[in-house]
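Dumping the structure here so I can ask a few things about it.
We call the chains A, B, C and D, going by the order they appear; numbering starts again at 1 in every chain.
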Amino acid sequence: CLKLLLLLQIQFANAEDKQEFQKYPTKAGRRSLSRSISQSSTDSYSSAASYSDSSDDETSPREKAQANSKGSSDFCVKNVKQAEFGRREIEIAEQDMSALISLRKRAQGEKPLAGAKIVGCTHITAQTAVRHLPPPLSLSPTGVPVFAWKGESEDDFWWCIDRCVNTEGWQANMILDDGGDLTHWVYKKYPSVFKKAQGIVEESVTGVHRLYQLSKAGKLCVPAMNVNDSVTKQKFDNLYCCRESILDGLKRTTDVMFGGKQVVVCGYGEVGKGCCSALKALGAIVCITEIDPICALQGCMDGFRVVKLNEVIRQMDLVITCTGNKNVVTREQLDRMKNGCIVCNMGHSNTEIDVASLRSPELTWERVRSQVDHVIWPDGKRVVLLAEGRLLNLSCSTVPTFVLSITATTQALALIELFNAPEGRYKQDVYLLPKKMGKTMEDLIDKNVNKYCRY
Amino acid sequence: CLKLLLLLQIQFANAEDKQEFQKYPTKAGRRSLSRSISQSSTDSYSSAASYSDSSDDETSPREKAQANSKGSSDFCVKNVKQAEFGRREIEIAEQDMSALISLRKRAQGEKPLAGAKIVGCTHITAQTAVRHLPPPLSLSPTGVPVFAWKGESEDDFWWCIDRCVNTEGWQANMILDDGGDLTHWVYKKYPSVFKKAQGIVEESVTGVHRLYQLSKAGKLCVPAMNVNDSVTKQKFDNLYCCRESILDGLKRTTDVMFGGKQVVVCGYGEVGKGCCSALKALGAIVCITEIDPICALQGCMDGFRVVKLNEVIRQMDLVITCTGNKNVVTREQLDRMKNGCIVCNMGHSNTEIDVASLRSPELTWERVRSQVDHVIWPDGKRVVLLAEGRLLNLSCSTVPTFVLSITATTQALALIELFNAPEGRYKQDVYLLPKKMGKTMEDLIDKNVNKYCRY
Amino acid sequence: CLKLLLLLQIQFANAEDKQEFQKYPTKAGRRSLSRSISQSSTDSYSSAASYSDSSDDETSPREKAQANSKGSSDFCVKNVKQAEFGRREIEIAEQDMSALISLRKRAQGEKPLAGAKIVGCTHITAQTAVRHLPPPLSLSPTGVPVFAWKGESEDDFWWCIDRCVNTEGWQANMILDDGGDLTHWVYKKYPSVFKKAQGIVEESVTGVHRLYQLSKAGKLCVPAMNVNDSVTKQKFDNLYCCRESILDGLKRTTDVMFGGKQVVVCGYGEVGKGCCSALKALGAIVCITEIDPICALQGCMDGFRVVKLNEVIRQMDLVITCTGNKNVVTREQLDRMKNGCIVCNMGHSNTEIDVASLRSPELTWERVRSQVDHVIWPDGKRVVLLAEGRLLNLSCSTVPTFVLSITATTQALALIELFNAPEGRYKQDVYLLPKKMGKTMEDLIDKNVNKYCRY
Amino acid sequence: CLKLLLLLQIQFANAEDKQEFQKYPTKAGRRSLSRSISQSSTDSYSSAASYSDSSDDETSPREKAQANSKGSSDFCVKNVKQAEFGRREIEIAEQDMSALISLRKRAQGEKPLAGAKIVGCTHITAQTAVRHLPPPLSLSPTGVPVFAWKGESEDDFWWCIDRCVNTEGWQANMILDDGGDLTHWVYKKYPSVFKKAQGIVEESVTGVHRLYQLSKAGKLCVPAMNVNDSVTKQKFDNLYCCRESILDGLKRTTDVMFGGKQVVVCGYGEVGKGCCSALKALGAIVCITEIDPICALQGCMDGFRVVKLNEVIRQMDLVITCTGNKNVVTREQLDRMKNGCIVCNMGHSNTEIDVASLRSPELTWERVRSQVDHVIWPDGKRVVLLAEGRLLNLSCSTVPTFVLSITATTQALALIELFNAPEGRYKQDVYLLPKKMGKTMEDLIDKNVNKYCRY
């Protein structure tokens, strides 16, 4: 479920190219620059306005004229003055990213992405920057043009994508996508890009699903690498990462005590396993819903009651969705929740909770904190909705640097593989990372293991 | 280790008295009003300044003229305009405090504290207010005069205490203390208060220790109730609460991933047990130091290596103190830590880590976030020091409302017991809560149990 | 709940005394010699008959003439020929009992029990022997006369006790009891023993309860030491020991898989905590019943649903009692259990499950294995009853040597303290182990800690 | 690692065929009939001799003339008189095998294995029988000829296999193997069997490895189904099953207390994960060795130190191998272990511990219990070797019925698929179970889930 960005090419490519070729829009309504540089750091801003949802500064970043310290203005962020602050966050992040740094070092000689012109669309965080920034630059004022800010509208989002793809004098030959939106836009608006493109690297379940559909329909024009189904993604991005971010996200938004709370986790895949494991360990009483019998049996063997949501909904203190499906929590179920019940989503889409059904006249919405709404029923009952049903772990917690390092390294290896593959090796189909690259990955991780856990 | 405040007397006493008699100073350098109303809520302030360490508004609260909505100005807080915001936080807190609310209801008829004039000195949080505020009032602008703000200096702190004790036309007859500072001040400056005082209720290890010393020396002038050693305090305040706040405090300050991290927890009392249990559950590799053999053996049976700090200090990613002793982590050990090691304190005092030794010219301090300092050695090594060695759980996390409810109820019962005891029952000594009160406590908790965990 | 034996006096007393003074009856119907020497070893007996409930050799031990290798016949066991085998078991046990061995060494010079004549009544295990046997002897053929065998009837049990107390030419001056039966017998039959006796050391909850009643009634004639309430007993004997023996006892009797099983544990004291923790960790879905609100709240905070037995009894796969009360599981509840439900007792008495109610004509009992009965309802439903409702951990699992070592050391220290106390220090009352002895205990345990868990 | 047997054909095939076609040899030196019918039941045998290693009855089963209740003598077991006892065990087992029973019911009409003549070679347990026995028969005296007994020599083992394959008037057309020995024998001795055989179903890692080698070499003559790599096998047979059997096996053999013990688990695959999880939960201090970096990182994230065996071997109380490799524990490492260290194997082969190196003149072996040897060094140091290095979970614990049910169902589905596949679907290659069968499996498991864990 986690999505992130990797852009190694500055280190990998020739130095002189770096000013010209990357572009990053970010997902609308997701974590973007000012938010992600560090949630917990916002309190040391000279102005914390950028963190607030109701910023004083109402000028859209699209209309601001900004230039970085080198004079470039080929970017669009909220406030370029925060660059210095961002740099410190990046330095902190570097300490926990040894796999990526190993790869960066190894790549410095080889320059395996020399000549690559990569356009990417993913989430921007402090850790994102580690991969491509020479020390004296901070995130947006770098040579890597970034188009992203917190609070982008849907329209802003597509505008940013368009600005990245449609650049005079520069055309991408690699696509790094996370969700399939960039790929979708290129297909729709600039199909000629695929004539020169050497491939797509896709991170997300959703994006991979779209690619397989394209492939089946015979419409995939370039090779694509499915990074989502790698072990590293499944275990680290999902299981280990969500095990921590569910706790973090809930605490930061609600300060809820976990001990003794009744929790239902919908879906017992890797994300659900992570959530259940953490909450159980902290004394919550956890049950699960699951339609797949193999997963249900695993849940059962792991000590969780397997229930139907309807049967337990009235007693729950906390409802968490991790299924990847739509309307897992319906309006009817929201109606039956008890006063104070917290509802949030850790799954793949923002439609697991039927939030739309809550935007109706008989219900009152009260924003009590950032990312926290009380939805109030006529009888006074309040349901606490987090992040308006969007991903809690992206909206309300941070992503551990260590995990990002591993996932980003996988993405980098996929880019390198596609970009350097001899002609004909990859056809217009969807591929998994080849074993050879898995081996390189292991080598890089091995350094982590040696550093982190071998005594 | 957690400290908190209870003030039930408005509900318990006659309504007409309430305007005149309570005073609350807070601990210098600890959690105070604006901070504690809700750490996580600060982002929805119209101005986030109050949360920041470097506030724009440099006027001391002592010099501001403020009045609440009723026109009273017998209080001193940072910004009375935040009162409305605070009220919302209080309403949120009420939902999780059924034991206290049960007691409040039961007390409404009996008014067991009618006539009590209580001066208290403790930490102020949103939850604090639940116990004494009639709905239409918010924290500081209530009839309960409060003297507290975030960022008090040592001098401010004693000034606040003095303002509470030394009030014209009003003299306290009960003392509610948490740490012994208020008691100390009264002894030193206003010993005559003890002529009419009916008792002291003390919450903390340190304060209780001082009371026993006074008693031994024959200098205790009134009965005192030791609330620290009650089961509810030991289990809920320490074990269950710290199990959650260690994770919360670390995430909010450092975003560290727990999985695979090497941690040493110094001290395996209830606080240490809570920390170890939580970190182990999230995949950290935890060892402990402990001098008491029974506790050490328990740690061993719970699956933790029992080590000497010197033997492991070089490998640790995280060092946590929970011993209650001084200089548990010495400068020499700080010198030997690896780059990036995080050091924090969950114990009873702010002297467990020898922070003073780090304030020397060869080391550079860099404040990277609120409550987070990088201490930098000449060779570039950084140690990440949290909350300058003060209590992490008070400085950097929130206290679960549920736990506060239980502890506060215990304090209230202690006040009621001392205030209503027939003459002669309590002499000038230190007492534990009598069984009868324990029974009342159980009844009140029983309601929690029925509500929270019985099906 | 666990009961065990300690007899250090051979090492502590003068060598020449040892032949004459100790006697050990054992609890009727509990673990006795051949069984306990080692359950898992019985398969290497030349004859496994002694382990079987339906032994071929039907001669009562009371009627057999046996003599040990030294020619003494002042003992009564099932088969003295197993002595050699028992010796090997004892040697194995010694390796894990360093606290006791440290005490034994320390005592060799001082002989703190020289002159003590101890009569004891407790469970006999291989570990029991470690404390008093010089290497070349095995359990029963030693100078310590033992009267005990597996399968004693109620009548046998009292006969054994009587044989120990009523010995010509020898009279006990110390009583080591575990359950109060020996004390009871002496009071009833040989009250003159108390004229010379220097004290009673009592291990069990039940026995301690009786002693307090005697004391209250002014009928206690000698000082008594309550060993039951020491930290070491509560934590090691109950929590840590039961955490392992619940699993062991269930596996050896039923081979049940824990993962996914629905379990209710009645009672959340230290024994219940141990059972719950182990079963939860192995994937069982555990809920608890508990009438004490503080314990119930702890259960809740530890992540267990707190339920009423009636509400869940139909769904349970496994019902475990650890309350210390009578008829916790009633016939009505047994009637409502599902087919195949396993019922067992880990608490203090054999009356927690109303087994008597199952001995009625409409139900069929089928002994399917040793310690395992199927009770069959007219409709064919089977309930699996373990150990006929007696203590599972004594009947069907072994007691970890390490735990026995600690408990036995505590008992030895209590004997030494009572025996050597200056006249007048202890009156006719019930005492806890004095701090000084607690300190010695810590020293001894410290050696364990250093050996077992310090690195 | 666990291996088990399935034989559904009696229910699936025409009733009149059943007398003639099945044969079961068992693994030499592994769990065989009398042992496995139920380890824990042996104590209620009229003679426990069959469980003992030193049986009084020294006649080889090969030389005994036995006939079952129907007069058939086409089988070879130790003692056909135990049949009635075995039947009771089988009835107990049936209660926990709903997936298999569902399949059996479904198959009764369809008879999907009518005409199949299956020869199988696997472990025989009570649960094995559930799948093929009509109620009035017990294990060996059934129409299914069984050739197996506890304590088979290597020679006996191959004799049993030969008796099964080489039967006059009957020739197998399906092979159900677990380890590849039966397949090996048929290749070597009766290659003509493959002319009519419709396929091989192989359960084990080792056997699957051999099949892939045959396939690569172009020597595989029939289609083969790899059951080992199914999710159900990996999760249930390995992870969940070993999580319980490691504890059970250690307790039954050594009565060791887990709390505080230092343990190294070699290999962090599914078996290692199960062992680590269980031991950690019971308070052992666990570290792991692992050469695969992805697995090592998982171990690290799960909270285990990743070490080199040489670095920790001196401190360990318990060494467990689960790698599948040879000589994971070398003689040199055995030399360096501390006194009393327990060594056992949970992996795939009996060569993980270099047991051969211990059979040298300077070391003394002492059999202290069944399956437990003390290997004694000249200086008196003892290492406790379990099951002579063979699989602990097969030698010293029982396999949960529930797990067997799931694995057996998988095997049955594989047989049905191969036997009924239209010609040409499967070529001379190794296949995984097709999705369609996976769906059937899910349906069957779903019934388990509904019965066991849905509320």
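One rule holds in what follows: a residue touches a chain if its C-beta (ideal position, glycine included) is under 8 Å from a C-beta of that chain, and two chains touch if they have at least 3 such contacts.
All of these numbers come straight from a predicted model, not from anything done at the bench.
Asker: Tell me which of A-C and A-D has more C-beta pairs in contact.
Answerer: A-D
Asker: What whole-Å value do you get for the distance between chain A and chain D if each is reduced to the mean of its CA atoms?
Answerer: 44
Asker: Using CA atom averages as chain centres, what separation in Å is found between chain C and chain D?
Answerer: Roughly 37 Å, centre to centre.
Asker: How big is the gap, in whole Å, between where the Cα atoms of chain A centre and where those of chain C centre?
Answerer: 58
Asker: Among the residues of chain C, which ones contact at least 2 other chains?
Answerer: 240, 259-260, 282-283, 285, 297, 300-301, 305, 452-453, 455
Asker: Building nodes from the protein chains and edges from chain pairs that touch, which of line, ring, star, complete or other describes the result?
Answerer: Graph shape here is complete: every pair of chains touches.
Asker: Inside the complex, what are the residues of chain A that reach chain C?
Answerer: Within the complex, chain A contacts chain C at residues 259-260, 280, 282-286, 297, 300-305.
Asker: Which residues of chain C touch chain B once you look at their complex with the stated criterion?
Answerer: 231-232, 235-236, 240, 292-294, 296-301, 305-308, 311, 442-443, 445-446, 448-449, 452-455
Asker: Okay, in this complex, where on chain C does chain D touch?
Answerer: Chain C residues touching chain D: 38-44, 46, 48-49, 51-54, 88, 92, 95-96, 240-241, 243-244, 247-248, 251-260, 277-278, 281-283, 285, 315, 339-340, 367-370, 397-398, 400-403, 452-453, 455.
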